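So, here's a batch of structures to check.
Both of the next two complexes hold chain A, though its partner changes from chain B to chain C.
== the complex of A and B ==
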């Protein structure tokens, strides 16, 4: 083998391990959502079922958590976008000597542990409410208020980083021109800078919402009477697991895949259009695919995924695993019967052996039968699989 | 903050309305959300845990009691060290350092590969596949690992099936699940900064070095790694701070006997309702992890401005 082949193989193995580590757990978790066994697992596969989704959608605490998460998420997006944008604008104008200090202060919330942010938020507002008297308690001890402020502290830094990157490409001459032509500063901001920043604001809003939605470390100290989805999940994961969490995880995984594919498809589509405009890649005519799918594998996969989900939801409405569950029960019964039969058979053989060849090999079958007992669970699973395939 | 003469210029540049809006928002963030909460937590950590009636009274003094608790244990056991909590602290910091190093080693080849084959559709596919786990909840990712590492989890089932082990291995009690979970949780925060800087490296530099007969190791040591240093530093800082401050992963994947330092903070707050003590522990965590990061940045000659790029 030439060294080139070896290095290719090494690279392939490395990529396989890396992505296995990254995606494998998510795949396994998603699969457990469809196993009817009461503990999330894949290996003793019982029945293919959708019942955990049912359990999930009837779980009042989860639904309430989703509602709180959305309220807090929207609040956090508004606060952190406003702060992040102003901080980025100030950063472009700040006195050069102060720039590093200023940057260190506004980047610090990303590096401060989330636990510390949560604690400092409740401690500080607790003190403020004590200073201002008990009439303010309702606001300053309100879980939504505290969580939005606690999360915005560091999410604003993320938003700020996105805005700084976009502002670096802004031509200040445009604002100056507007001002020279008699626009007020507010008008110049609204008509010139804001439209330029719109894509960055959109991506910062998405990022801020997701960061708020999945935050645990800060929220766990500040949520008060308004547990978010992540808090509810953590409670469930810590104190008693059942596969309805897997089904929620599966939904989140699918939504994320959707999001990633849609984003990639959108980017490719605009990229293709730009290239077409420049005349570099003339669009091939006569393909079966409609225009936005051409030369855009991400879009094709996205459309296929849509179809799969629609079909899956459609079958889920009519699919009932009751038959399979009965089969499993029957299979279990059958297995037990088989084992009883086997034991009886063995006993009979032993007795036959005893009468035919005397007692000297009496021990051997006995040991064998004891050996078999622990491994029975493996055989158990195999029988299931066979039966399921037989169906 | 800015000097007065800077203020006037600032308002001239932005107009009175926009200028004040900007100042108010940034001031609110820095003062009310960042500085004052941290200061009040610091102040809190030096106080006694008093019932509300006695607050502001004669007993409401400053004390070092809460810090003594961490070093020497509860009052009355003076002279002996609080080995339990101190061990948890040391273990947290040391493990976070090892997790960071492991992440650097795991991510560097991939970041280099992606950075060098940018634009190819395979590389783009890989990036899309990387983004997916990035946006899944931390709790759910820990939960996924728990399914795999559990006593009847996938790994144990496979090992038993292959007859590699007779008894299921308790990965959770042995902390393997915790290490895997911490490495898993923040690996992409290491990968993306590294990938961004390596992507900006001019390929010609590598080719020139190769033409002149430099070995692969030498090319990486003299060209790629120096170029990638800000990205590596940025990723390492994030991963270290986040793993040292992680709460979800140790809560889900940690064994019953092994605590993470943030779990001690959590217990003081939510189980013992002793906020002052919890604040003291949080302050210790904050200052020691910042000190470690700043020391390492000094050693490796990285600037603060490189973080977050």
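== the complex of A and C ==
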């Protein structure tokens, strides 16, 4: 083997391990969502089932948590984008001289632990509410209000970083050109700067929503009567979890893949169109494919994924693992029976030995230990584990 | 289109902190004129234009457009339209939307805008390209779109900030004629900025030559070329041979300058310095390469220069001959290429003759750096 081949193999192995490490937990977790076993597990595999999705969609607390998370996520997106955009504008356009000072102040919330932000949010708004009198109590102690503001303190900073990066590429001459052509400052902002910022606003919105959705540290202090999904999940873990959480994770993974593919497909599609405009032929991958799929593997995968999801949901309606479950239950019963039989057999043997050999008391422990060894690690050993887990 | 409107700068100073970018500018531009500011990079041309279009206020002095003081009037309220040095087309708008942006912000309907855009696209010979984006056009086409966009705003004064600098030579020459045609058609005042003297001379009715914030001369192209007011203008506009010395004698509008190497030389005093120069003053004399001709050596003549040939370059329609001049400076002369084989005169000494009316003398001063 030449060194080249070896290094290539090593690289391949490294990539395998790397991606295994990265994606392995997600894959395992997704699989547990389809195992009928009552605890999230892959082995032993009991039955393929969709029941945990049912359980998930019937769990009022999870559903309520999702609802709260979405409301708070949307609120956080709006507040963070507004604050982040204005901060970025001030930073780049209004006070370019105070830039570094201002930058440090704005960026600080990212460096401060979320726990501190959470505590300071409730303390601060509690003070404000006392200052303004009891009529404002309902608002300033409202979980949704506090959580949105608490999360926005640092998510707005992330949004601002995205905006500053985009603004750095903005040509202020364009605003001047608009003014020169008679636009008011508002018109110049709306018609020139805002359209330019649109892609950055879109990515900041996605980022802000995700950051809000997955936030725990800050939210745990501010949620009040409106627990978010992360709060609900954390509370659930205390009482023991079941695979419906895996099914939730699976749905989120699928949605993420979906979103990523859709974005990629869109990007490729526009890219291909531009290339076509420039007179270069769009790459042809399949003659039978409709135009928007051509030269766009992401779109192809996206369409396939849609089919898969639709079929899966379709079969889930009719598919019933009852038979399999019964089989598993029967198999378990059988194993238990066998186990009991074996124990009884042993006892009988022992009694027999006692009566037959009488005074030979040293022989019995040996027989017992020989008998026990296979039962703990052999074919029957797992039955007990399963039984424990099944409860 | 708005009729030609006058633009006046009255004693305008523009300062950035302690730095003076424009010093005491007094400019009167007639309505319908094609007026150019010519000067090297960083001399304050863009700064003047920004003061006219309203992006910055003069530190001192007044800007008047159509006789009206523009102080406190923002760029969106002035009857000017600026074509930016980098064009500043809106990249996310189609060409027709770019062109009619001024109508859009004024509230015109899409139908009207489309119609006007088509007219203007016809005018700039880009019919049918209105639905493209700026990134899909060539440099010259973008140029024309920028002009159409500015004209669509129906300004009284069109300001152009080196709009041709990004183009290659051929296209630049083509656009020069086109710009001049457009200006004559619409009949509004053009204020044009360039550091290319050829551009300024071919297109303008009047040229202001600037040096480091100071306007040295305002005059027509011929006047600037033939009678430069300062050594800077003489050396910046076109090619010129400089001879330094002290004035020997002054006689009306003629003077004799005593040079180190070339002896006494006769020249006309530039009109702005007539009556202000006397014998003994430090002076500079300028003769253009094309005003020099081969002549007879005669030590007494005050219009003959003898010098050794250092080098010779063939330039197609002419030869450039470089001779040893004063203080390390070379004297350049150009000889027409008349077709016959010329013998190289390299190494020999030549006598150069000029007509006294083609040489100008003026008080010594700063030269344009090469």
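Keep this in mind: the second predicted complex is superposed on the first by the 321 of 391 C-alpha atoms of A that agree within 3 Å, B and C clash if a C-alpha of one lies under 4 Å from a C-alpha of the other, contacts with A are read in each partner's own complex, and residues count from 1 in each chain.
FYI, contacts are C-beta pairs under 8 Å (C-beta built on N, C-alpha and C of every residue); 3 or more make two chains touch, one makes a residue touch a chain.
What you see is a predicted model, and the numbers here were worked out from it, not measured in a lab.
*Asks:* Overlay done on chain A, so just call it for chain B and chain C: clash or fit.
*Replies:* Partners fit side by side after overlay.
*Asks:* Once chain A of both complexes is superposed, is A:345 in touch with chain B (first), chain C (second), both, or neither?
*Replies:* neither
*Asks:* Is chain A touched at more residues by chain B or by chain C?
*Replies:* Comparing touch counts on chain A for chain B and chain C gives B.
*Asks:* Report for A:196: first if it touches chain B alone, second if chain C alone, otherwise both or neither.
*Replies:* So A:196 only meets chain C here.
*Asks:* May I ask you to decide whether A:184 touches chain B, chain C, both, or neither, giving the answer as first, second, both or neither?
*Replies:* A:184 contacts both chain B and chain C.
*Asks:* Classify the contacts of A:87 with the two partner chains as first (chain B alone), second (chain C alone), both, or neither.
*Replies:* first
*Asks:* Just to be sure I read the superposition right, which of the two partners does A:153 touch: chain B = first, chain C = second, or both, or neither?
*Replies:* Only chain B is touched by A:153; chain C is not.
*Asks:* After superposing the two complexes on chain A, what is the shortest C-alpha distance between chain B and chain C, in Å?
*Replies:* Superposition on chain A places chain B and chain C at a least C-alpha distance of 10 Å.
*Asks:* Which chain A residues come up in both lists, the one for chain B and the one for chain C?
*Replies:* The overlap between the chain B and chain C interfaces on chain A comprises residues 184.
*Asks:* Of all residues in chain C, which touch chain A in the complex?
*Replies:* 53, 55, 74-76, 80-82, 84, 86, 88, 90-92, 101-102, 104-106, 136, 149-150, 153
*Asks:* Can you tell me which positions in chain B touch chain A when the two form their complex?
*Replies:* Going through chain B, the ones touching chain A are 2-3, 6, 10, 13-19, 21-23, 25-26, 28-30, 33-38, 40-41, 44, 55, 106, 109-110, 113, 121, 124, 126, 128-133, 135-148, 150, 152-154, 157-158, 160-161, 184, 187, 237-238, 241-242, 244-248, 251-252, 262, 265-266, 269-270, 275, 278-279, 282, 285-286, 289-290, 293, 304-305, 307-308.
*Asks:* Residues of chain A touching chain B in their complex?
*Replies:* Against chain B, chain A makes touches at 11, 14-15, 18-19, 21-26, 28-29, 32, 39-43, 82-83, 86-87, 89-90, 93-95, 98, 100, 103-117, 119-124, 126-127, 130, 149, 152-153, 156-157, 161, 184-186, 189, 210, 213-214, 216-217, 220-221, 230, 233-234, 237-238, 241, 245-246, 248-249, 252-253, 256-257, 259-261, 264, 297-298, 378.
*Asks:* Where on chain A does chain C make contact in their complex?
*Replies:* 171, 173-174, 176-184, 187, 191-192, 195-196, 277-278
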